[in-house]
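Two complexes, one shared chain (chain A), two partners (chain B, chain C).
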Partner chain A sequence: MTFAARWLRRLPSYAVLTICAALLLFPLYVTFVFSLHPLSEFLGDGVPSLWPSDPQWGNYFESGGGVSNTPIGRYLFNSVVVAVVITAAQLITATLSAYAFAFLRFPGRDVLFALFLATMMVPLEVAIIPNFQTMQWLDGHFREQAWLSWTQIRWIDGYPGLVAPFLATGFGTFLLRQAFLTIPRELRDAAEMDGYGHFRFLFFVVVPLARGALATLAIFAFLQAWNQYLWPLLVTNDPDMRTVQIGIAAEANDVSRINVAFAGTITAFLPMLLLVVAFQRYLVRGLFGGSVKG
Partner chain B sequence: MARVYFEEISKRFGGTHALRDLTLEVDDEEFFVLLGPSGCGKTTALRIAAGLEEPTAGAIYIGDRDVSFVPAKDRDLAMVFQNYALYPHMSVRDNVAFGLRMRGYARDEIERLVQEVTATLGIADLLDRKPGQLSGGQRQRVALGRAMVRRPQAFLMDEPLSNLDSKMRVQMRAELVRLQRDLAATFIYVTHDQVEAMTMGQRIAVLEGGKLQQVGLPQDVYDRPANRFVAEFIGSPAMNVLEGDLVVEGGHTAVRTPAGLVRVSDAASADVREQNITSLAVGIRPEHLTPEATESAAATSAAAASPAAIIEGQADLVESLGSEQHVTVVAGGWSVVANLPSSPRIERGATLRLAVAAEHVHLFDIESGERVGP
Partner chain C sequence: MTAAEGVARPGSLVRSAWRMLAALPFLLPSMVLFGAFVFYPLGKAVYLGFFISNPFRTRQIYVGFDQYREVLTSSEFVSSLLVTGTFTLYTVFPAIAIGTFLAVLANQRLPGIIVFRTVFSSTIAASVAISAVLWLVLLHPSIGVLNEAVEAAGLSRVNWLQDGGWAVGEHATVFDMVAAWFIDPNWALISVSLATLWMNIGLFTVIVLAGLQTIPEELYEAARVDGAGRWQQFRHVTLPMLSPTLFFASVIGMIFAFQSFGQIQILTEGGPVDASTVMLYSIYETGFEPPFRVGAAAVQSLALFAIMLALTLAQFRMLAGRVFYR
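So, the complex of A and B:
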């Protein structure tokens, strides 16, 4: 087949892909364009232009009016702390529990795993009230009880409360268990003959082999933690403890600065974009060539 | 190097018996083969020896040490797995060195041992490759190297050649035998392939249903199978087995099979009478069925001199292997396979008269399956 013929044959699928990509990217594009409009663009009767005819980079940087002048730095910092802690904790807890479900034999294992799966079917919104009450109760205890109050831990308006419900998830356990199950059992047997205990085997063999799944979980956990809205809104009242999503929403409430709110949205989105670009090769590459026949 | 002794080992998985009362002694420096169909318990036996599985009952000895409760890593055994079980993210060097690192060898000592072992196996130039970049045979050698480098008391091999193509398998078979001799090591080798068992094993043990059926030299097991299972499992094409009732004709004891009368030797008939057996299974190996000699050659053929049976039938299927031909003969509604010389070529539909000598007739009790007679 000639180059041209091959290209022609691929044309329809590329056309479909292009349309899908355009549909997905359009809201992003609108946000970006709006973030560059002067405020006057939003005050007229018509729909704001879809072309940045008069780009106002000052929406991002200008002191006294731009994103850089809001406490966005503080919001971003809070979000990074929360997302990093949640991601790290999920990687650790999910790796350990998934290893147990994939490689160990113990009574009640399958029932326990079913329970883990069941937690995935409970929507966040259902758990949010009891979780909030738990945090309130903890916060009260930590403020009132002398033997706890010295820790200065705050479950409301504090990082512990922001991260606590998300340190371990059924989803992470499930995702990693499935990945671990693709690792041949013989590798465990071979490592056992070689004198490697469970933790060494986990560290030297399982983790390197499942790093695709671990990266997937990391990105997923980070994205979820970063994009959380309802929970941080509930457990924070202090503006200093707001995450970036709450901060932007607070900005957007101020109609006189709507263009800056769009600029804030773009700012909050950038770290995510960088993360996905940096890790996408792990999401794609298969890592199991050559371990066993086939 | 050491002997390995299985003492009344039983293993149950839930309700199923994987092994029942297995007692076996593998001698020091012996190439010992555990042979049986899949699910017979041979791999379980190996894993129990390795310490990867705990026996439900019984004890396992390595040398004179009872290792029943010793963890796998302290038994000083090495195992080679069916699918090689190489660590796919590590180079050949790291794969071979993996076990040594854990055992606290010095860095240059590890390098020296790895070089030595990989040179022996002819894979020294592959040290920096990953398993994914190797052929099946090369991966198998790496797996062997990983086992050898620790100089274990014994090698446990779980169908190590079954993933190789047939040509490679024949080559590795010879190499493993040579390796075992050079290392003067104890090998316990699990396989379902009777050719591997016959060609490699100094002694073989046949297992079925978790029970030991027979232990012995390969030729002895082949010549005098202890029961009907062993008789039919070992040998290719498989032994012909015909069932029939015991009759007395013309002063001779014989079995009336669908394919004709088969005379029972005097020694066997004494046993038959003693055990009150009324019906028997008659086993005849395909290579012991020979075309009945023409009158002119009768004098030279022992079988023709006093054949225990003559089976007459039509050739239904002729499989020519070049050096020989396997002919399926239908006699009295039963198929019997004969292994005949490639010449003269037998045509389909030809009528054959096949004779078998008395010493090549195996008899088994139909009830118990046990061998009857000498």
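So, the complex of A and C:
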């Protein structure tokens, strides 16, 4: 078959693929175009144009009122703090507990592991009422204790309240334990003979060997922390403490700068898109509980 | 006998205690966090269900199981179940069908196919808030683009976010309501479903693509030798081999559907009336809006827990078949 004939035969496939891609990306395209419109485009009658005839890149960058300079910049910063803290904490707590379940022998280990797995069956949504009450208690009564007053930690409208329920993970413990179990026990024996304690062995041998699983957990934790909605909505009243998800939803109802709100939506989406595209094979592995070699 | 000898003797109590103590630093952080934010709240929710509080929350009155009975038989609860069920139906299975279609398309061997794979999976990165805003742009009463397309196709404009259809009319029984499903569409629920569906397409494309990789190429070769066309290959090789993946995807999809909240809060606020009030939105309204019926919300959240527990157990059984234990 000649070169030209081969491409001619592929043409229908590409056509179908392109149509599907265009349909799927249409909502993103419209919001992107709208994010480049001047505000006047939204104030007239009828639907704004679907082509950016007069692109206002200032909606993203301008010091007068672009994303970087409206509250949306602050929301993005809050989201970064929350997602980074949650991801780091989950990596630490899950690595420690997974190590205990994979390498240590102690009475009650299987029961405790079952309890850790059971936490996966209790979604946060079920616990929001009591957890919110806990935050109110911590923010009020607990903080008023004389010996704690110096801390001034805010649990409502503060980072501690935004991250606290998500610092440990049953899913992550399970995922990492599966990875740790593939590490030969002989390595532990050899390390023990070299005088390595558990922590040194964990840090210098286990962690480097389980990079893939750790990356999977990191992607999952970050994506979930960045994208969550219900909990940040409950524990923040102060607009300064909103995460970007709450922020863009609130801004989208503010007609006075709706184009900037759309620019904020695109800005909040892009980092996650890059993350997912760059680390897709880790994501797939995580979805299947670490059982697929991506 | 010295303490050291006691430690060395196998099976002794001291040795057991020592081992537990050695494991504690590794487990304590997670145990404390799970205790405070998973197990304690679960017990607390059961406890809260026994009490009603007056609107100012100054007093709690013990009512025992009465509140459980009252909440679980209320028409609001039945309505939220029906809405959640419909929402699940609208979001999970169409998304799996579309995701499978896209995954099969993106699994062809063509130059540059990786671009399409990436595009088709991209919506997995979208949060509920982002996809809700994107769809708000499309469905908005004044700037919504979709109605322009509807009109261009010769159909009448749809009042996307404000038409509750079957869910808001007077229906004597649940059966009347179900009967009205087909003739009086609940556009508000369809709107939040569209935003969710779009998000799910990326997720299911990723899952099905992973499933397709596990099908051995020899099966297709054998089918081709037998003279099977593209459709027959899909019908008799791909689909049967994919069925565990599709089951897994539908369970994940249902779990996500029952956890849905943000898109509803942003697009419809559960309305009109209760037309798009799914279970979680109902919990939010009951517990976090005046008159703050915390106990009733706790009961609803336990009902949600029971449903999700059943789904998660199904998922675990599924995963257990794929995961090795030692």
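Keep this in mind: the second predicted complex is superposed on the first by the 199 of 294 C-alpha atoms of A that agree within 3 Å, B and C clash if a C-alpha of one lies under 4 Å from a C-alpha of the other, contacts with A are read in each partner's own complex, and residues count from 1 in each chain.
In this text, a contact is a pair of C-beta atoms (placed from the backbone, for glycine too) under 8 Å apart; a residue touches a chain by one contact, two chains touch by 3 or more.
Here the structure is a predicted model, which means the values were calculated and not measured.
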| item | value |
| --- | --- |
| Partner contacting more residues of chain A (chain B vs chain C) | C |
| Touched partner set for A:125, first chain B, second chain C, both or neither | second |
| Touching partner for A:164 - first (chain B), second (chain C), both, neither | second |
| First (chain B), second (chain C), both or neither touched by A:2 | neither |
| Partner chain(s) touched by A:268 [first = chain B, second = chain C, both, neither] | second |
| Partner chain(s) touched by A:248 [first = chain B, second = chain C, both, neither] | second |
| Touching partner for A:256 - first (chain B), second (chain C), both, neither | neither |
| Set of chain A residues, in rising order, touched by both chain B and chain C | 287-292 |
| Complex contact set, residues of chain B against chain A | 47, 50-52, 72-73, 77-79, 81-89, 98-99, 102-103, 130-134, 136, 139, 146, 163 |
| Partner chain B, residues of chain A touching it in the complex | 184, 186-187, 189-196, 200, 205, 208-209, 287-293 |
| Interface residues, chain C side, partner chain A - complex | 16, 19-20, 22-23, 25-27, 29-31, 33-34, 36-42, 44-45, 48, 101-102, 105-106, 108, 110, 113, 116, 118-138, 143-145, 148, 198, 201, 206-207, 209-210, 248, 252, 255, 259, 261-262, 265-266, 280, 283-284, 287-288, 294, 297-298, 301-302, 304-305, 308-309, 312-313, 319, 322-324, 326 |
| Chain C contact footprint on chain A (complex, rising order) | 10, 13-14, 16-17, 20-21, 24-25, 27-28, 30-31, 34, 42, 47-48, 50, 92-94, 96-97, 99-100, 104-109, 112, 115-116, 119-123, 125-134, 164-165, 167-170, 173, 178, 181, 198, 223, 226-230, 233-234, 245-246, 248-249, 252, 261-262, 265, 268-269, 272-273, 275-277, 280, 283-284, 287-292, 294 |
